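Labels for the chains are A, B, C and D, by order of writing; each one numbers its residues from 1.
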Amino acid sequence: MIDLCVIPLGVGVSVSEYVAACQRVLNDAGLEHQMHAYGTNIEGEWDEVFAAVKRCHEVVHEMGAPRVSTSMRVGTRTDRSQTMNDKIESVELKLSSD
Amino acid sequence: MIDLCVIPLGVGVSVSEYVAACQRVLNDAGLEHQMHAYGTNIEGEWDEVFAAVKRCHEVVHEMGAPRVSTSMRVGTRTDRSQTMNDKIESVELKLSSD
Amino acid sequence: MIDLCVIPLGVGVSVSEYVAACQRVLNDAGLEHQMHAYGTNIEGEWDEVFAAVKRCHEVVHEMGAPRVSTSMRVGTRTDRSQTMNDKIESVELKLSSD
Amino acid sequence: MIDLCVIPLGVGVSVSEYVAACQRVLNDAGLEHQMHAYGTNIEGEWDEVFAAVKRCHEVVHEMGAPRVSTSMRVGTRTDRSQTMNDKIESVELKLSSD
């Protein structure tokens, strides 16, 4: 699972069209993903996920951004599988038991 | 607006109780926030937001984590105000016009 | 200890003058810091460090950037103190024992 | 160019042996890299760099960490090539002209 935040440089302050283009890349790749206000959670196998991240950089460059700076969190675990929803539910369960 | 991901070290693989404790800190601080699968979006004035982040570190240490490593994205803008929902809607508008 | 990477948006692709301005803020604050190719390590007490980070955002806005997006890693530990050099030496010791 | 910070979870507070293992992966891959106090700068072609990052996760899991959480900054640019040293020199030039 990763959390991705792509920032185009040299193209003005509005980045929503670049973010939208990245959402299309993730849709086309058939990856589970969920946008939030400061990035996008993506779930999938390592190679597929990073191929999509590379494609996002390519697409944002093709749209005219000479420079792209991305921040990413990447989580892997070998003890058990856990979906994006599992993680959120696990916290909410703790909170609801207050 | 910030995106916060607090990771306690030296306490095992399950971090949900620490994340839940941070959610309580944000609730107590009265800050707008929205958890996602790899962090939490927080909206508010600089000093209030960072006082809450500091409190998260303190609480996680008090719960027994000897070490805490957080990754954060921090966004400020002077041209106009934009809520967390505004950002998401702005992208969705671009996507729906496909 | 934190690792800070400040990115100004809406000002072109060259960000070195903004990074230089942030280095001056850190110098003026009297904080231990060390620049690398993708950010700056800063060592100090929580409140002083985050006051300097806030000042960096203010200065970059004053220089004309309407939007600033920063990525940060923040590490705290209660078990022992460890400087930036301690961390690097600890890894180098492991490597040299190969 | 990327900046990589790999954090093993569920293995105690000392992470230096895991960081050292990742340095060896980068050496074996023949990639230019430079460790700092809160991560490692890596320079190279996309596919080679991300193959090495994947190998870091695998190695850290093999060493016994059931969970790995990495934070990464990824920068690409199409306007010109710029090494890690170029970036630092560009800022130092600005500073020295004060």
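The definition used in the following text is that contacts are C-beta pairs under 8 Å (C-beta built on N, C-alpha and C of every residue); 3 or more make two chains touch, one makes a residue touch a chain.
Remember, predicted model here, so these are calculated numbers, not experimental data.
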Winner on C-beta contact pairs when B-C is weighed against A-C | B-C
Furthest chain, CA centroid comparison against subunit C | A
Centre to centre, by mean C-alpha position, how many angstrom separate subunit A and subunit C?
-> 25
Could you please state the distance in Å, as a whole number, between where the Cα atoms of subunit A are centred and where those of subunit B are centred?
-> 16
From the C-alpha centre of subunit B to that of subunit C, how far is it in Å?
-> 20
Set of subunit B residues in contact with two or more other chains = 5, 10, 13, 66-67, 69, 71, 73, 75, 77, 79
Topology of the chain contact graph, where touching chains are joined (line, ring, star, complete, other) = complete
Residues of subunit A touching subunit D in the complex = 10, 46-47, 50, 53-54, 57, 61, 66-79
As the complex stands, subunit B meets subunit A at residues 1-3, 5, 13-14, 16-17, 19-20, 23-24, 34-39, 41, 71, 73, 75, 77, 79, 84-85, 87-88, 90-91, 93-95, 98
Listed in rising order, subunit B residues that touch subunit D in their complex are 5, 7, 9-10, 12-13, 15, 66-67, 69, 71
